[in-house]
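Listed below are the structures to be examined.
Below are two complexes that have chain A in common, paired first with chain B and then with chain C.
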Partner chain A sequence: MTATSRIRQKKTTFRLLAPGVVWMILFLIAPIMMIVYVSFWTQTTFAINSSLTLDSWKNFFASEAYVGALWTTIRLWLIVLTLTFVIGYPAALYVGLMVKSKTISTVLLVLCVIPFWTSFLIRVLAWRPMLGKEGAINIILLKAGIIHTPIEVLLFSELSVIIGMTQIYVVFMVGPIAFMLGRIDHNIIEAARDLGAGFGRIFWKIIFPLSLPGVVVGAIFVSVMVLGEFATSGALSGRKVNLLGNIIVTQVGSLKWAMASVVGVILTILLGIVVAGFLRIVDLKREI
Partner chain B sequence: MTQSDPIFRLEGVTRRYGDLTALDGIDFVADDNAYIALLGPSGSGKTSLLRVIAGFETPDAGRIWFQGRDITDLPAHERGIGFVFQNFALFPHLTVFENVAFGLRNGAQTLSKAELTDRVRTSIDMVGLAGLEDRNPEQISGGQKQRVALARSLVMQPKLVLLDEPLGALDANLRERMQIELRSIRERLDVTFLHVTGSETEALAMGDKVAVLDAGRIIQYDTPDTIYDGPVVSDVAKFLNRFNLFDGTFKEGVFSGPFGALPVSNARKNNSDTYAIRYDRTQVFDAHDANLPGPALPVRFLASEYLGSSIIFLFETEGQKTVEVDHHLSLGEPRHLTVGERYTLSWDPEQAIVFGKETAR
Partner chain C sequence: MESKVLKPILAVYVGLFILFLYGPFIVLGILSFQQGPEGGPQFPIIEWSTYWYRHLFGLTPPSRIAPLPVGEALVRSLTLAFMTMVTATVLGVMAAQAFRKRFRGAGIVFYLIVLGMMVPGVLTGLGTSLLANNVVGVERHWWSTAFLAHVVYTFPFAFLVMLAILNRFDGSVEEASWSLGVSPMKTFRKVTFPLIFPGVLSAMLFAFTLSFDEFPRTLFASGRDQTLPLAIYGTFSVEIHPNIFAFGVMTTLFSFALLAVYGILMGLSVRRAKKMAMQEDIA
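And then the complex of A and B:
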């Protein structure tokens, strides 16, 4: 290759990269830099100016409510992540591996997606008549004689937020896992059986490791969505559960841009750590 | 297991898929410590038979005996029968060593670490893969994968290994080398190989015994030379791909075909009247040669195919049927033939095999 053609090739490379790079700078890098910058601005009760200060950061970590929200976010995320995995994995195992016919497994996956035909808010709010004091679950349990007074903890509690989030996000766990399980060659499982391994051994030594990339992708989906959540906790907790997302909403609502930015930066860092952590488990580039 | 028990035995094994009968009441007694080739065209039920013996599928009827024990209802992982898959089915997330060690680690038996390492290394050495233990399946070649699959089965010291078209995914060169190696590996161990193949050359070359499967039935089970010299029905002759087969009518000891009517002294029971003569026993003569060893079949020369040690001549009869003549070059230079010219084919009628709906004498 001559020097000129190498230069020409370099030019082509840059030209092809340019639109993507411009897009990312405009809509990802610049906004993030802006948020980081604003988090150091000086906030007074009714105004904000661009003289730099650490006050908002200090306020965040000095406030029990804010740090509490950070821990609540992390706790709820871990609970919902665990639940979506515990509920989603067996479902994915059935859809992706146990069902022999590809048509039926596709139909089952489409069924999982049906709730998405209604808007996100409706799906969240639909839990109210289900979980309420005079809601469907309480009525059924009362009629069946299992309980004598309605369970009040079902709605407007942390429990209702967990139930709501798990129901909404479990499908993001099922999809990627079912996809990975569907790609497993049945001969491999038969080979393992032929070598004397029972079902448990085959699951832990063959099926689960081979589905791990799906678990990681599903976990990243669920984590990213749950960590940034504010609507489900807003609608189902009766304002008892405050997540980082809820704090951002209220701070923005009262024009406290600096504090909202601080929380935004913390949330972004948290997400970065979580996603990077999951990506360390498997090398996704190799799998897909 | 007593000395007289065969390694495995099938009793009326039947397997249906809906309306399709894949295995139709198969009775089979396998020789102990032998290389058995199972030859059949695609769709003959070869793979179904292997899967039923391995326990991946249950037969609709019949019993399977292994080392004198009825294993029909035993799950696959308790049978102790090795299986080598056509696509090798290596565990993609495990190294070569761990692939081979899988059965020892996860089976019923518990071994000390030293014993396990020792057995895995012996098995890997035996198939000639020493030094590749830490590679992943994606980092080794097709032939090496085949060896890993074999080592993975053999490390369990099975008495029976089922091989499902094990050479199908390999290129021609490698296939021939693996044929020799499979045979020599088997001879070193006291184990029976049941090797399924659709290739007649592979079956004849590899098997101590060859079983021919057609439409869910074993139609012949014998040594390769007996099968080659004496196919019991015309279908076997067809699968061997070494016979010119002529349809005709066989009546009262006379076979009438494209070469005229011939008195026949001996015929084998068959569901159609067919006359078979081997490619290499068919000879080429001039169109009007009167000095023929037997019947005269008028043909037109189409083409020849040079195979190194022999030449295949292709002819066409008046009835548009292609006839092959295999001339081995050790018998001397072949005569020169002109494409499109007419010739006469003939053969010694004693070397022909006649199949008839009615048998003669």
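And then the complex of A and C:
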């Protein structure tokens, strides 16, 4: 390649990339920087000004409600993450590994994805007639004679938020795991079987380690989405469960920009720790 | 062999799993046929009727239940999704095209773009509105600030789809075109683009549906005028009626229609490609 054509190629690359990169810097990086900056601004009743202070940070850690929201977020995230993994893995195992026919496994995956073409909010709302006191689950349980009085804790509680989030996000766990399981060479499993390994041993020594990158990707997807949630908790808990996201929404609603920014920064740090932690388990670049 | 036992158990499990995914919809679909206007959003069904569907389109006599404010919101959402789709796809195709050549800083640029889909909407939304409100001092609108945030969110998806397509793209056809003296721009239009068109279509579908349904970013970054998800969210705080269920069924049907259009376009472009390949064989 001659020098001039190399320079021309560099120019082309630059021109192709510049619009996207500029867009991301202006409308993604700058806004996030802005959150950090504004978290140190001074908040008065109806306005904020740019003289720097630690007041909002102190207020956050002094308030039981805000620190409580941080713990609720972490607790719900851990519960939902565990549930999506426990519920999702067997499904992924079947779809990705057990089904021999590619067509059936594709059909099953498509079946899992179809609900995503319904509005997210409608999917959340759909749990209300399901879980309510006169909801479908209570009616079925009553008719079956398993319970005699309707379970009221099903809706407008932490439990309903957990059920709702698990259902909405479990597919993000199933997808990456099924993908990794689908790439496993069946000859390895055959070989292990021929050497006398039982299913448990094959699973723990071969299948699970090979699916780990999928688990990590799924866990990152689920974590990022659950930690940034506020709609599901708002709609299914009747305002009883407040996550960091809910605090941000209410603070912005009452024009408390500085406090909203503090919560935003805390959420960002939390996300950074979680994602970095998952990336430590598996070197994704090498695996994929 | 254990898998003789395990496989049927897992098959049943997957059945239950899919029921778990679809259960709420089935209930929602059934309840959308509740009698109106007295019937509430719960069982039992007093009498089967299409009242709430007619209510949605304003075909019922006025009652105490206000119609959903979805008409204008739908137009706004469609416009916004279309704007986002075009911008995100153009940016995505351009960036992915650049990634076909090695260049310094490729890793950083890659992560910068992918960050857009990883950062939670509540953060991008908050940041965008802070920037607009307190620094630049502009009013927020669905077609301005919300549009910017939507592109930040959908551009990475378009980019990744195009990257996957271009990774498997055979560059020799382009080289043939260049060596025949066709300009790079014309080569892209006449050779590259038709070949990657199925990928472009997928990128467009992604961008459109993601933007159409986007909620957290829009909540913060748009102003007074609501988009469709915001209008739905607005009904959450007040008493809900089966009309929102009927609306859910309608939006699902709309999505399937969109998916069908995508399928048809995809089929057509594949068929065209086959036809062209056949003509080449004859020639």
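Side notes on the structure shown:
To be clear about the criterion, the second predicted complex is superposed on the first by the 265 of 288 C-alpha atoms of A that agree within 3 Å, B and C clash if a C-alpha of one lies under 4 Å from a C-alpha of the other, contacts with A are read in each partner's own complex, and residues count from 1 in each chain.
Operating definition for what follows: a residue touches a chain if its C-beta (ideal position, glycine included) is under 8 Å from a C-beta of that chain, and two chains touch if they have at least 3 such contacts.
What you see is a predicted model; the values in this text were computed from it and never measured.
By the document's definition of touching, of the two partners only chain B reaches A:L210; chain C does not. When the two complexes are overlaid on their common chain A, residue A:I188 makes contact with chain B while staying clear of chain C.
Between chain B and chain C, C contacts the larger number of chain A residues. Once chain A of one complex is fitted onto chain A of the other, the partner contacts of A:G198 extend to both chain B and chain C.
After overlaying the two complexes on the shared chain, residue contacts for A:V171 are found with chain C alone; chain B is out of touch. 198 are the residues of chain A that lie in the contact sets of both chain B and chain C, per the superposition on chain A. Residues 54-56, 75-83, 85, 87, 89-93, 102-103, 105-108, 149, 152-153, 156 of chain B are the ones that touch chain A when the two sit in their complex. Residues 185, 187-188, 190-198, 201-202, 205-206, 209-210 of chain A are the ones touching chain B in the complex. By the touch rule above, chain C contacts chain A in their complex via residues 1-3, 6-7, 10-11, 13-14, 17-18, 20-25, 27-28, 31, 41-44, 91-92, 94-95, 97-98, 101, 103, 109, 112-113, 115-116, 118-124, 126-131, 133-135, 148-149, 151-152, 155, 159, 184, 209, 213, 215-216, 219-220, 228-229, 232-233, 236, 240, 244-245, 247-248, 251-252, 255-256, 258-259. Looking at the complex, you find that chain A touches chain C at residues 9-10, 12-13, 16-17, 19-21, 23-25, 27-35, 38, 48, 87, 90-91, 93-95, 98, 108, 111-112, 115, 117-123, 125-130, 132, 134-136, 139, 167, 170-171, 198-199, 220, 224-225, 227-228, 230-231, 234-235, 245, 248-249, 252, 257, 260-261, 264, 267-268, 271, 275.
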